[in-house]
Amino acid sequence: MGVDIKQYIAKRCAQELTSGVVNLGIGIPTLVADYLPKGKVTLHSENGILGVGPEPDPNEFVVDPETIDLVNASGVQPITALPHASYFDSSLSFTIMRGGHLDATVIGALQVSETGDLASWAVPGKAVLGVGGAMDLVIGAKRVIAALSHLSPKGEPKILPECNYPLTAKNRVDTIVTEYAVFKFREGRMYLVEMVDELTLEQLKEMTPAHYEVAEDFKVVKREVEGEAVLV
Amino acid sequence: MGVDIKQYIAKRCAQELTSGVVNLGIGIPTLVADYLPKGKVTLHSENGILGVGPEPDPNEFVVDPETIDLVNASGVQPITALPHASYFDSSLSFTIMRGGHLDATVIGALQVSETGDLASWAVPGKAVLGVGGAMDLVIGAKRVIAALSHLSPKGEPKILPECNYPLTAKNRVDTIVTEYAVFKFREGRMYLVEMVDELTLEQLKEMTPAHYEVAEDFKVVKREVEGEAVLV
Amino acid sequence: MMNGTIDQIQTGVEFLNADKAIQRIPEGASIMVGGFGFPGMPRHLSKALVRRTELDQLTLIMNSLGSVSTLNALFEQNRIKKVIGSFFSTNKELVVAYQEGKVEIDLLPQGTFTEAIRLGGAGIPAFFTPTAAGTVLAEGKETRIINGREHVLEQSLTADVAIIRAHKADKAGNLVYKKTAQNFNPAMATAAKLTIVEVDEIVEVGELDPDSIGTPFIFVDIVVKREEV
Amino acid sequence: MMNGTIDQIQTGVEFLNADKAIQRIPEGASIMVGGFGFPGMPRHLSKALVRRTELDQLTLIMNSLGSVSTLNALFEQNRIKKVIGSFFSTNKELVVAYQEGKVEIDLLPQGTFTEAIRLGGAGIPAFFTPTAAGTVLAEGKETRIINGREHVLEQSLTADVAIIRAHKADKAGNLVYKKTAQNFNPAMATAAKLTIVEVDEIVEVGELDPDSIGTPFIFVDIVVKREEV
C-alpha cells in the first residue's frame, strides 16, 4: 500500500472531525492531523497534554534524552504545544480517555467485526507484550474511528463477521474508514455509507465478509488527495 | 471541665508528636498546635493544605466570604501558610489520609473501647447528618491519638469494654490521652502507661471500665501546664 | 501537523452570565456544588440557582452545608429531593427538612465522597475502600476482606450538572485554582455532563502557564465571570 | 498555633547522591520507575540501580521499556523476576528474557496501570474498570455488570520503592513537574514505602509557588540532584 492510500484514509478520517478534542493513534491516524481544520479540533496525547502542536523544526531542535520534556505518546518524538495547551499527569490523562470526555479517537485496526469489535494490538500465537493506552482510548472515546487498509498485505479481509485476533474492546467502533469505503454503526447495525467509484458494490462485498447493509444516505465518491487521483 | 484541663490534654498529646506530618481534629486537638516543637511537625488540613501556619492577626485580617481562599478544615477560619506549604485538591488530600501517609492524627473522642474502637461522630438515637473526614483520618493515619476528658459531663465513663455509640472506625486507636491518664495499644492489648499523681490506680480503674493492664513502663506524673498546677 | 494561532482556537466553551448559565440546568437535575466552606464555593451561581424558582426535585451533591448558605432557600422552598455529602449537621434548614421527611440524605465519609466523584469522572464506577468498614455508614453495602482488612464497595458519583468555582479561566476555558479554594472543584468538573464555572477573572489564551492549569477546557462547558451577575 | 521560619523547618527528607540513595533499596524489592519514554525517566537513578549489581530478584513496575533503556542491563544480568506495565513489545532484552522464561510479565492497559498506582497510594485496594472487559487481559479476573456494562475488578499497585523524576525540589522535599515529564511520577510517589526522586534543581524553601507543587514532601523520602552522580 503506497503512501497515497494512507494519506487518502487519513484525509477521509479528518472529514469526520469538525470540532472538539481528538486523540490520534499511531500509524495512519497520526497523518490525520495534517487534514484537520485549524484551531477547531484540539489534539490530546495520553502522555499528558491537551493541545498538541506541530513537531518542532528538526533542523533546529536536537533531542537530548536528558532534558527533553515535551513529546507525544511515542515517548521520544518531540512536539510543540498550542497556546491553549495544558499538561497533566497520567491519572488525569486517562480520566479524559476512560471517563468519556474525548469527542473521538482515530485508531489503527488489524480487524473490525460487524458488531463493532476492534482488534488492534496483538496477533494470535505471538507473545502479548504490549497494549499501551489503546484499550482505554477505545472504551472511553465518544466516537471510535477505525482507520485501516481494506485488506491485509496478503489480500485477506479485515472487516469480518467476527474478529479472530485478540480484541481491544467489544462493540465500540463507530466508523470504519478504508481506502475503498466508509462504514458506520447505527443502533448496533453496520451500514455502508460511502464507496469509491472504482468499485462495484459486488466487488466491495467480496472483500468484506462482515454483514452490512447499504445506508439510505449511501454515496459514491471520487478518491482524491489534494486534488490528485490516488494510485492503488 | 475548665480550659486548663483541655490545655493539659493538648500539651500531653503534643508530647507524643516529635516529627512528621499530623492532622489535628476539631475541639481539644486544635489546641495541640500551640505545644508542638517549632518546624519539626508539619500540620495537614483535609481541605487541601500541608503546612498550616498560625491564624492571621484578627485585627488585621477581615474575612470576606467572597474572596477568602485560605482556611482550615472548618471551612471558615482563616489561617496562614508556612514557607514549605503546598496546596492540593480533596482527592490528593484524602490520598494523604486514607493512603497511610500521615504520621499521626489527634482526634476528639466520645468513647474508646478496649480493642481500640473509636466513637467520635454520632450519638445514638439522633439523626446522623454529618461525619466529615473523621473516618478517613482514623482509618489511614499511622497513629491515632484519641484526646478526651476521662468522664462525660454526667460523670459517665468513656473508656469502655465496647463502644455503645456509633463507631468511627474499629481497632484503630493507638493512644488515649485524658486529663488523668495515658493508655497505649500494643499488639492489640490496652496498657496504662501514665497516670497523674492525684489518683490511685484503684480510683482510675473505677472511672475506666475497659480492661487494661498496667504497662512495664508505667509512670506517675504531676499534672502541669506551663509550670502551673491544673485545677480540676 | 495541525497548527493554530490564538485567534483561530475554538474550544466550544461558552461565556455567559450566571442566570443564562443556570438556565441550562434541566428539571430534576442532579447538581454537584463545589466548595469547602467559603473557599471555592460558587456563590453567584448558587444565587442564580435560587432565583430560578421553577427548578425543583433537585439532587444536590456537595460536601457540606454550613450554618449560613446561599442554598438554604432551596430547602425552605422544598426544591431539594436528595442531598449527597459528608457534613450537614450544622445547617438548620436542611436538618428541619430532613426531620420532616422532605429531604433524603446520603451520608458518605468525606474521602469516599471526593474519591467517588473523581472516579465517576474517570469512568470507574465502583471501588473498595477501608473507610467506614464496621460502621453504620457501611450498613447495607457489600463488604470484602482484601489484604486481611475489611473494605466497603462504594459506587462512584456522576451528575447532570456541576457548578464550581475557580480563580481564573482563559478564553479557551482552561481553569486555574488557588490555595484551599481547589477542594472538590477539579474532581466535580470531570464528573458532570454540564460543567458551569464561576471565576474571578477571565484572561486571554496563552496567559495561563500550561503547567498551572488545574482543569483543562475539555471538562468545562460554561464560564461565568463573578461580577457579571 | 505553631509557627516556623525557613531555618527551623525539618521534614526529614534526605538529600543524597544517586548511589547512596539506591543503597537504601532492599533485596528483592518491588520498584516503580517513572517516565513515559524520555521525559520523566530517572536516568541517573536507573544507572545507579544497574551499578548496584548485588540487587536481584527485583520486580519492576513501569509503564514501558523502549528499545534502548538504561535498565536493559538488569535483564541481561538476570536480576529481574517480574515486570508490571503496559508496553514492552519493542524492548529486545526483555522480550528475549520473557521467551526464555526468565521474566514474568503482568500486562495492564495503561489507564488501568496508572489508576492502580494512584489508588494504591490512596489506600483503595481494588476497583472496577470497563477497560479490557471481554479481552484476553481480563482472563482470570472477576467481572461484574455495572450500569449495564461489563467491568473488570483490578487490584491496585503499591511498591517497596519508587524511583521517579521531577523538575525541581525545594529543601523541604516538595516537587514541581514540567510538561509531559509528569506522567506516572506523581502517582508513583504516593504508592511506595520509599520514594527516591531525581531532580534537575534544588531550591530553597519558599522559592516554589505552593500552588505549583505537584508532590508535597510527605510523599518524598530522598532527593538526588541530577549532576551529583
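So that you can tell them apart, the chains are marked A, B, C and D in the order they are listed, and the count of residues begins at 1 in each.
Just so it is clear, contacts are C-beta pairs under 8 Å (C-beta built on N, C-alpha and C of every residue); 3 or more make two chains touch, one makes a residue touch a chain.
Listed by chain with UniProt protein names: A, B = Acetate CoA/acetoacetate CoA-transferase beta subunit; C, D = 3-oxoacid CoA-transferase subunit A.
All of these numbers come straight from a predicted model, not from anything done at the bench.
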| item | value |
| --- | --- |
| Any chain in contact with subunit B as well as subunit D | C |
| Remotest chain, subunit B as reference, centres from CA atoms | A |
| Which of A-C and B-C has more C-beta contact pairs | B-C |
| For subunit A paired with subunit B, centre-to-centre distance based on mean C-alpha positions, whole Å | 56 |
| Inter-centroid spacing, subunit C versus subunit A (mean Cα positions, whole Å) | 34 |
| Multi-partner residues of subunit A (each touching 2 or more other chains) | 81, 87-88, 91, 94, 98, 139-140 |
| Subunit D, residues touching no fewer than two other chains | 115, 118, 122-124, 129-130, 177-179, 210-211 |
| Category of the chain touch graph - line, ring, star, complete, other | other |
| Which chain pairs touch, all of them | A-C, A-D, B-C, B-D, C-D |
| Touching residues (chain side subunit B, partner subunit C) in the complex | 45-49, 63, 65-71, 73-76, 81, 87-91, 93-94, 97-98, 122, 127-136, 139-140, 166-170 |
| Touching residues on subunit D, where the partner in the complex is subunit C | 115, 119, 122-130, 146-147, 151, 177-179, 210-212 |
| Subunit A residues within the subunit C interface of the complex | 19-21, 33-34, 36, 38-44, 50-55, 79, 81-88, 91-92, 94-96, 98-102, 139-140 |
| Subunit B contact footprint on subunit D (complex, rising order) | 1-12, 118, 121-124, 170, 172, 174, 190, 205-206, 210-211, 213, 216-219 |
| Footprint of subunit A on subunit D - complex, ascending | 36-41, 43, 63-64, 66, 86-90, 94-95, 98-99, 105, 107-112, 114-115, 118, 129-137, 167, 177-187, 200, 214, 226 |
